[in-house]
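Here come two complexes built around subunit A, the first alongside subunit B, the second alongside subunit C.
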Partner chain A sequence: MADKAILFDASRCIGCKGCQVSCKRWNMLPASIGTGTWQDLPEEQRAFTASYQNPSDLRADTMLLVTFNELQGDDGSLSLLMGRKSCMHCTDAACVLACPTGAASKQPDGTVRIDHERCIGCRYCNWACPFGIPKWDEAANTSCMCWMCADRTAEGQKPACVSACPTGALDYGERPAMLTLAKARISKAEAAGRPLSLYGEKEMGGLHVLHLLQAKPSAYGLPDNPKVPDTVTAWQSVVKPVGAAIGALTFLGLGLSYLANVGYSKKQAQQAVLGPEDTGAPPATAEEEKAGHD
Partner chain B sequence: MTEYLVRHGGVARAIHWVHTVATMALFYTGIALYTPGTNFLVGGPGGLAVSTVVHRVAAVAFIGAPILGILLRPQGLTHMLKALLKPWDRQDWLWMKKFVPHLFAARKVHLPPHSGEIKAGQRLASLGIIAFSVVIVVTGFLLWFDGNVPPGAVRWAGLLHDVAMIFLGALLMGHIYLGAGIFQPLRGMVWTMFGNGKISYRDAVYNWPKWAEDQASAQGLQKRKMT
Partner chain C sequence: MTGLVYSFGRGSMTNHWIDIRNADVVLANGANVAENHPIAFKYITEAIERGGTLIHVDPRFTRTSAKAQLYAPLRSGTDVAFYGGLINYILENRLFHEEYVRNYTNASFIVHPDFHFSDGYFSGWDPLNKTYDLTSWEWVNEREEPIDLDDPAEVFRYVREDGTPFFELPKKKYALKDPTLQDPRCVFQQLKKHYSRYDPEMVSKITGMPKEIFLEVAKAYASTGRPGKAGTILYAMGHTQHSNGSQIIRAVAITQLLLGNIGIAGGGVNALRGEANVQGSTDMALLYNNVPGYLAAPYAEHDPTLAAWLEEVIRPTGFNQNRPKFIVSLLKAWWGDKATFSNDYLYEYLPKYDRDRACSHLALFDEMARGGIKGMFLWGQNPVVTTPNSVAGRKAMERLEWLVVSDLWETESAAFWKAPGADPTKISTEVFLLPAAASFEKEGSVSNSGRWIQWRWKAVDPPGDAKSDLWILDRLGKALMSEIKKGGRFAGPILDLTWDYSEGNEEPDVAKVALEINGFTVADEKPLTNFLGLMADGSTACGNWIYSGYFSKEDKPPAEQPTGSRKSVDGPGLGSYLDWSFAWPVNRRILYNRCSADLEGKPFDDEHWVVRWDGAKWATRDVPDFGAKTAKTQEPIPPEVSGKTPFIMLPEGMGRLFVHGWRLTEGPFPEHYEPVESPVKNLLSSVQYDPLAKIFYSPTLGKPDEFPYVMTTIRVAEHWQGGTMSRNLPWLVEAMPEMFVELSEQLAAEKGIRSGDVVVVWNKRGEIEAKAMVTSRLKPFKVNGSVVHEVAAPWHWGFAGAASGASINDLTPSVGDANTDIPEYKAFLVNLKRKGA
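Moving on to the complex of A and B:
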């Protein structure tokens, strides 16, 4: 099966949040009101952010978030950059490496999915992801993130977010085709004097959510050079095998020690060192003790 | 008549009991995060959610028991640290040199008499257990309250938590093998810590001759009554 991908063109996004709502609707996720978001805070604790972004970050019940990013130009003018925050479906997925149970896994179409039946809620994927995507659902004790509407794509449909986009900012198809489309748009935009850059072609071995950006990635809250954290790599490729070896060698060593001393009782051991029990004899001399120990 | 010396006081034994149960619970509920082959350990009805809670309750007991012990009997901590940090003398090195051969050929290689209250190897292992436990406790708190900790620090905490667990696990396997008397020449010694804290004079002389001598006088035992 060819890898599939979503192409998000930030220059076409108007921040309508249609994709965000559609994601919630298709995946039957509740509204975030009443679950600890900004609206639920007491008046005095509501910091004015002047942002349309809501909720402020991804949550277990919000797998796709339209981000509103302000960019100050050299002349002091402000631009509003619309971004899309959701699972990037990395080829070299840190969450898959970090997951101790195999609940987070790569799918044949290149996407990443968390199997909630196998997830034990350890949050290792939450900590490993360089994009900060998976979120822990405390009530269900499982981590949640976009699964690229695998139930829809399996039936030949587009993911819910893509279907809902009214401006054509989202496209879905085979990854090579999405890359071709992205590059064609870059050429066109350059000709028009509105340069775009492609994010996701090589990052993390290749993302399955490609971004066409009008500014550098960090302006959208994306890491400029995302990579699998060294701690995750070390855990998987060093700590786990070395730990297993240490455990096995310790067990083996102690087992051999046991077998080597089968039949040698405490009584015999003490007799060899201290002499016979309760003889009523006077204390052993230093020489005798030394002889016993040798 | 068998005569006994008091080896471990009530507070020490209580802490050891709590630590034994808590450590077993922590390993049982934590190992599933380490290797998928053990995921079944935390399965079952309410398994995952219960395991998370059990791990944290056990962690609180693991930390709380020694703190309570120090509050109840602060001189116990001083005494323990003094014994553990005692500088190594020639006898310690001789003892250590023969320890591994003794483990694999106890019939032929006997350990030389030890001058301290705690054997050289036991001191090393205890210091290791304490050090790795501290790492586990600190990193465990960072993992528990991960919402208030930067992601990079949480990732390091997770890694160090596992590394410390590996070394602590290996040390504890050795500790159990020797302390629980699975190693034949030490059979029955387990009841000193898990029972009434007393050890027969003969067992004491075999393991810590100098300590046994000193304690026999201090505790009013008839010297050299090795029964």
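Moving on to the complex of A and C:
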């Protein structure tokens, strides 16, 4: 089966959140207020985002988030970049590498899926993902993320988000075709003096959610050079084979002790793999990460 | 809409959504398309990707600005100054489409010698009575001629048919012109003179738009004056909701006429309507001063008889010669066999309105406050949230004896008696809440901004006891009939109505309603093909002449009617999609399309041509908006004929740079006035605000020393109008949960406010609390050397629903547009502070 991909063209996105809501609707994900009212929610769940971005980040019940990135140039020029945050379905997926039980796995169409039956809620994928995608559902004790609407695509339909987009900012098809489409858009835009760049052709071995961007990835809150954290790579080669042999529960402790063993304090271990929004720290550059190892 | 009807002849969007993709430059002004018309943005995106430019003029940098190649900030309420500047720039730099202006507009008409303008007033101002004497707001006629009914080409020959009501025929008038456009008294020179005061410095000083940015915008937009280029202007509530809203639209119309942008593909003045079917609602005369099909409603004082009304609405030349046909057919549709020639087609049954007691929203609530209104029906409307000065609005509603709300949820309006601050023990209004069916739960047509009348089928049954609006109305009609039978004054208008849409308690037959709207011949009830078949002799009935043709196939179900047509093939290749639904009038997609070609019928734009004379006949990619063939023999009519009067709905046939007579109350040319509440003095004249603005509750107006900040109301993509439809949907609540006030970083710093703080915003009309959203997307304006801060708040929240919050309309003023009474929601004054500060 040929690899499939979504193409998100940020130059066409108007931030309407049609995709965000459509994802929740199709995947039957409840809103934070459930059947109650916003005012009834506990205060901490009502934190004001001070932005059109709502909720503030992905959650177990929100697998796609439209991001709003307000930037002001030194000359006072303004831009409001609307981006997409959802599983990138990497070829070299950190979550798959980190997952001790095989719950996170690659699918024949190149996408990544978390099997909730096999997920033990260890959250390693949450920490491993350089994009900060998988989120833990405390009640169900499982990690959650976009599964590229496998139920729809199996029936020959486009993912729910793609079908909902009013402006044609989302396309879905075979990955090579999406790459061709993306490159055609780039040449056309460049001819008009409106540069676009492609994100995801090579990153993480090739993403299955390709982005056309009008500014550098970090302006959209995306890592400029995403990579599988070294800890995960090390983990994969040393501990995981052992872990697969012993039970999953022991494994959690083992994993953290492994990191401690190779010279990390628990806090450092977490920081090395946590996404920036979880630590509140700016995203680590490759250099910084290296420095951490030395 | 009013601004358009008097400029071009019809009060609607001239082009249509898909056609936006044909534009070279899209100017969105007073419209936040990305947030409020996201589907339309697809076509703007296409225009941009074809190399086009999107210019966004708006006080705030929004999701639309984010997509624009050029963003220009403008202080709310200064749009006429902006367009005045643009008009001046176009004229000064001779960037107008000369051939078009000369041949298709009234630029050459000679204006009345007494017409003049000085210090904010046009000639004829009577300061005592605050009215204008309109004598000089006219052009000079070279000659007048009586109508010659012996001329075989004379349209008015229909008056000879038996059964046609009597009315006096008007005289044909021919304007005195100077084709060289040099005469100082011609419209062109008058226009030039009027707008010469709007130079770029002045525009910048008034609007707060930096001069360089203004010039960049002007240059980009004026480039569409070159023949073959197309510019479209998209506007929405940001233009209409001002005390001079109609004049803002007029200024848009003048700009577009000068650039030759009307009647062409990718051009036009495109009013983006605020709701899915608001076009349909105005088409059907949910406006107090119309009857269906945009015919001026009769008013008691002037139109005591049918003849008087007909004489008022007919025009000596142009398509409105036919209005008596539409009116008689309308009366026949409503009162059927009872309406005859001998009883003036029951004209006496038609309600007449009093000019000095307008029935606009503002006027009705004013009257309600004084106890003059007993009961109110609200259909899918939530005025407790959306009425201006809504604190007073809620108080007014307390005086109602009864209130019926038909909606999907218990709206704030249905619950007004338990609003914060209300005392239910003192309110005796009886409230009925009727559960209504949602759009997917009923069948009927919906008309979009592009005038497409699209049939929609029912997807699911409504839940529980919920009923379609049609069912509710039908039942109401029947109940009124049986009630008035028991005795009541003037029962005829109700008892004699044709009302045969249902049997028993069934869902009414919506196709029957559609057929009545489409029109039919009385003798055999056969549907009419279009309005050309209408007669004034009582032989045809038609509920709305402009819709004629949308349901024209005899005994066919909706799917086989033009309105139900869903063929997505773009035969002619212009984006017309003529087989997708039905656009009024007569399935025409681009209005005034004769103007897309020159006098000889050669298109100005070879790529996006609409109609073309090939030497022997017309080639068309849309339904021609002019006589292309004779009705009887189908002979082609050569271009010279239609080129003389390309605006067929106007008696003189020319696009109006100068609007004459009573049509717009403040004058023939738009003039800049400040909003009624403004922080600054009008720099252009000593007349501070629109001298004819409609002002209610004047003691609640505030001054800048007390209320220094400009507030504008806004909408967001996640919510819908008064919020009923979106604040009750959990996913949308989550997508935008809370009421907020946007303010600039500078004002926030001055006031010690941080994002997320609760701010108190107040003026004399009310006080609200909301979260502060401090953003760089809003910047202070430099207005005539001093800083003016503008803040913005969405108007979707109210005290009920799954997400409640303060209503900004507690603070908006009861001030209405001088022509239409649309409230000035977009610019008013407030003060604000951090809560507890």
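Definition applied: the second predicted complex is superposed on the first by the 219 of 294 C-alpha atoms of A that agree within 3 Å, B and C clash if a C-alpha of one lies under 4 Å from a C-alpha of the other, contacts with A are read in each partner's own complex, and residues count from 1 in each chain.
Going forward, a residue touches a chain if its C-beta (ideal position, glycine included) is under 8 Å from a C-beta of that chain, and two chains touch if they have at least 3 such contacts.
From a predicted model like this one, the values you see are computed outputs, not experimental measurements.
When the two complexes are overlaid on their common chain A, residue A:Val232 makes contact with subunit B while staying clear of subunit C. By the touch criterion stated above, A:Lys188 is placed in contact with subunit C alone, subunit B being left untouched.
By the touch criterion defined above, A:Tyr124 reaches subunit B but does not reach subunit C.
In the superposition on chain A, contact of A:Val21 is made with subunit C only, not with subunit B. Using the contact criterion defined above for the overlaid structures, shared-chain residue A:Ala2 touches neither subunit B nor subunit C, since it reaches no partner.
If you count the residues of subunit A touched by subunit B and by subunit C, you find the higher number for B. In the superposition on chain A, A:Tyr52 contacts subunit C only, with no contact to subunit B. When the two complexes are laid over each other on chain A, subunit A has no residue in contact with both subunit B and subunit C. The part of subunit C that touches subunit A in the complex is made up of residues 34-35, 38-39, 41-42, 45, 49, 51, 61-67, 69, 71, 716-718, 730-738, 740, 755-756, 771, 773-777, 801-804. Per the touch definition, subunit A reaches subunit B in the complex via residues 100-102, 118, 120-124, 126-128, 132, 141, 229, 231-232, 234-235, 239-240, 242-244, 246-247, 250-251, 254, 256-258, 260-266, 268-270, 272-274, 277-278, 282-283, 289, 292-294.
Those residues of subunit A lying in contact with subunit C across their complex are 12, 14-18, 20-21, 24-25, 30-39, 46, 48, 50-52, 54-55, 62, 70, 72, 78-82, 166-168, 188-189, 192, 194.
Residues 32-36, 39, 42, 48-49, 51-52, 103-107, 110-113, 146, 151-152, 154-156, 158-159, 162-163, 165-167, 169-170, 173-174, 177, 181-188, 202-203, 205-206, 209, 223-227 of subunit B touch subunit A in their complex.
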